[in-house]
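Both of the next two complexes hold chain A, though its partner changes from chain B to chain C.
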Partner chain A sequence: MTARSDALFLPAGQPTEARPALRLPGDLAIWWFILAELLVFGVFFVAYAFARANNVELFNAEQAALDRDAGAINTALLLASSYLVVRAVQLAEAGRSRAAAPWILGAIACGLGFVAVKLWEYAIKLGEGVSLASSTFHMFYISLTFFHFMHVLLGLVILGALWVNARSGRYGPDNMNGIETGAAYWHMVDLVWLILFPLVYVMR
Partner chain B sequence: MKYKTQAVAMPYFIAAIALFVGQIIFGMIMGLQYVVGDFLFPEIPFNVARMVHTNLLIVWLLFGFMGAAYYLVPEEAETELYSPKLALALFWIFLAAGALTILGYLFVPYATLAAATGNDILATMGREFLEQPLPTKIGIVVVALAFLFNITMTMLKGRKTVISIVLLLGLWGLAIFFLFAFYNPSNLVKDKFYWWWVVHLWVEGVWELIMAALLAFVLIKVTGVDREVIEKWLYVIITLALVTGIIGTGHHYFWIGTPAYWQWLGSIFSALEPIPFFAMTVFAFNMVNRRRREHPNKAAVLWALGTGVMAFLGAGVWGFLHTLAPVNYFTHGSQITAAHGHMAFYGAYVMVVITIISYAMPIMRGRAANSERAQVVEMWSFWIMTISMVFITLFLTAAGILQVWLQRVADTPMPFMMAQDQVQLFYWMRQWAGVTFFIGLVTYLVSFFIKGETKPAMEYKPATA
Partner chain C sequence: MTNSHSTSTHLPAHGTPRRATAIWVALMAATLFTWAVGERGDAGPLVVTVLFALAFAKGTFVILDFMGLRQAPRLWPLLTLGWMALVCAAIGLAYWKGLPT
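Right after this comes the complex of A and B.
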């Protein structure tokens, strides 16, 4: 992995032949998809920034009412799950597909933890009368986190498929496409949260 | 043709083209009525001409989609159609119902038509694009269900490919969302809210799946690119279409009395709706560039590439122009909307139906492709119609910008009809572009009757399909 990623940061003017062959982990199609998804979230974040700039006080006041601890726990859960997925990919690349399975299961457990914390948070917020229509900040809070939440659910389905395949020993150095593709998607879900959490819960 | 029951697509395609001609004739009548207000009054008032123009469009595209499905599904499923007799019966029922409806619009006052067809029992009429009398609406549902039964059974007894699954998903969605045509709450906000579930979720939702599937089918056939590659693209395109398109419905909810958050949700998601169309453009060109065979039907390849480009321009770019709430505040319901509507429908749905007709029709007539002379004429018709449509769109856009300025932005805004007087020049130019479009359409019809040397349709080996 490191050798390949280093190739992205070679100093300019390096003769091209000297570069190790660049290889995109996973399927090209998932990268198109990830770029499109990042664009959707990116547009959402920009819209949030504009809306906040017009309404800084309201945004700060309502942001303070959010449960930052729940957000922090969820951040830790997603980071941990991404680490577990990385370990699983490394094991698969080393030809130990079956050994990778428990790591994926661990990642799924973290993901489910995220879902549980999020649902608990939603239940409290909705009980307090927060809704899409209650304020512009709440509209962004609910839309952004729920849109991300749906991605977590899809990611869990994908991880589930990876787990089943890993258990049956399907992955190995010659067959990395599936697991790398799924892992790339999961890291995207994690990455988006790493921007979403400080933006919506913390930054003021 | 691999399976003889695919031939039921032929009458559907012929009817589609005939109704297309009718649609354009009524388009020219309306175009003239914009500048010569009493043209054909009182025989064909503007509102009736408009209803016929838009309803014919929808009906002929439905004929095209059904014909395409009857052609495509047996070939993909590698089996004969479940019931060709049912398909033919449905054809005549749908054609008769469609013709009666149009004649009703033309010869019976709309209120009388409503009273005579049970609109007092279940009021569904009087809404733009959903003007059909109740029996026609019920007929559409019955025909759609029987049609879906027929092709679903065909797929279930044969090979299930991604292309036919996506196509069926789109067609089922089409039928399901049409059911909201029967839901007409008395609250005007709710009425409009669900009305868009038919109109928007058709053209910016499930129809995109149909379009992507038809395009993918033709591209596999004319380029010989691996099915696996094309299927992957199909997954990406339909996911993007649904992710952006479903919540994108919100761009119709800005000013109709729905909660204000729709201005954000509608703007954000619909701003991204061009992405799946852009992906389709890249997809089409990419596949043609990677082609592994030179298919003799150059005209079909041209239509396939054309639909990729024009759908992106018409639906993607012209849609984005006025989709953000702060812009739409000024532009909604103006000629900008008309400009977008024309190019989007032509680029996405008219052209994709012509693509499949262009590919399938010669094969159904026993040859791999039309003679070179016929193809040259067909390609001329492509360019005449497409360039005319570009000009129709540009003139309407100019008219729209001027209209919005005079009527909504200027310091002393003009009333609607006075602003209309000021944009007459653009309406005249649009009318001439429309007449040129009709010439292109006649050229297209002529191309079907040009003979010349052709090769017999080759039978594809199943291994390469």
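Right after this comes the complex of A and C.
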């Protein structure tokens, strides 16, 4: 095989001789699913940005009324959760499935923290009479964050399954597919929020 | 990177705990910075460029290290990093379009 023909399947910056073995973590299907999800979120983000370009004053004024602390705390919770999942995956790779379980439980706790903060944020906004119909900004704010929120809920269900399996000692270097697949989905939920937070809560 | 099962064909893709911790600390610091920018109400093209350059950098670590795509076939980091670059660039373009003329 020539260097050119297999270039797409090599890691960046690796010379063809001396290249390490390559592997996509988890199930191939989850990666296509993640790509589809990223595309949908991407379209949503760009639509928000261009809607804002036509209503800059409105977006800036209503953004100023958002709770940025809640947004930042939720970013920190998702990052911590992702980190804990990485540690769990590393333990599973080392053949210590049961030791990975508490780390997954920690990740679930952070995810539940995200849910609690988000619900509290929604409750306050709804109390102020904000709805999908109240403005273009709020239409985007509610639908974008709620769409993401639904992904957090699904991610938590997946983490719950990983926790049960890890506790029963199911994962190990010879059985990583499930935990890597679930972990990849959870990191996607985190990745999307890393753009959502500066876009909706900070950019002005 | 070592494997407890020397006979295993599994290739670890998620680095060491030490590296993961260092990355996590950096991601948290970057988040604190973004929050501070928001609290100060800083605005303008330079601020927005910094915000999304930082978001891109954070996302790169999540993709390559947390998702474990650093040692994946090159197509996958290209697609995911490319998605992020494209989205950040489009947001920048929209921001520029909304600037007062």
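Just so we're on the same page, the second predicted complex is superposed on the first by the 188 of 204 C-alpha atoms of A that agree within 3 Å, B and C clash if a C-alpha of one lies under 4 Å from a C-alpha of the other, contacts with A are read in each partner's own complex, and residues count from 1 in each chain.
The rule we apply is simple: a contact is a pair of C-beta atoms (placed from the backbone, for glycine too) under 8 Å apart; a residue touches a chain by one contact, two chains touch by 3 or more.
The structure displayed is predicted, hence computed values, not measured ones.
Engineer: Which partner does A:Gly106 reach: the first (chain B), the second (chain C), both, or neither?
Structural biologist: neither
Engineer: Have a look at where A:Leu39 lands relative to chain B and chain C in the superposition and call it first, second, both or neither.
Structural biologist: In the superposition, A:Leu39 contacts both chain B and chain C.
Engineer: Looking at chain A, which partner touches more of its residues: chain C or chain B?
Structural biologist: Looking at chain B versus chain C, the one contacting more residues of chain A is C.
Engineer: A:Val89 in the overlay: touching chain B, chain C, both, or neither? Say first, second, both or neither.
Structural biologist: It touches chain C, and chain B stays clear.
Engineer: Classify the contacts of A:Glu180 with the two partner chains as first (chain B alone), second (chain C alone), both, or neither.
Structural biologist: Touch status of A:Glu180: second partner only.
Engineer: In the superposed arrangement, does A:Leu199 touch chain B (first), chain C (second), both or neither?
Structural biologist: The answer is second: A:Leu199 touches chain C but not chain B.
Engineer: After superposition on the shared chain, which partner residues are touched by A:Gly155: those of chain B (first), chain C (second), both, or neither?
Structural biologist: Neither partner.
Engineer: Can you pull the chain A residues that chain B and chain C both touch?
Structural biologist: Comparing the two interfaces on chain A, one with chain B and one with chain C, the shared residues are 39.
Engineer: Given the complex with chain C, which residues does chain A contribute to the contact?
Structural biologist: The contact residues of chain A facing chain C are 7-12, 20-25, 31, 34-35, 38-39, 42, 45-46, 49-50, 52-54, 56, 60, 64, 68-69, 71-72, 75-76, 79-80, 82-83, 85-87, 89-90, 93-96, 172-174, 176, 180, 183-184, 187-188, 190-191, 194-195, 197-199, 201-204.
Engineer: Where on chain C does chain A make contact in their complex?
Structural biologist: 2-5, 8-17, 20-21, 23-24, 27-28, 31-32, 34-35, 37-39, 41, 43, 48, 51-52, 54-55, 58-59, 62-63, 65-80, 83-84, 86-88, 90-91, 93-95, 97-98, 100
Engineer: For chain A, which residues count as touching chain B in their complex?
Structural biologist: Residues 27, 29, 32-33, 36-37, 39-40, 43-44, 47, 51, 132-133, 136, 139-140, 143 of chain A touch chain B in their complex.
Engineer: Which of the residues in chain B come into contact with chain A in the complex?
Structural biologist: Listed in rising order, the residues of chain B that touch chain A are 232-233, 235-236, 239-240, 243-244, 259-261, 264-265, 267-269, 271-272, 275, 279.
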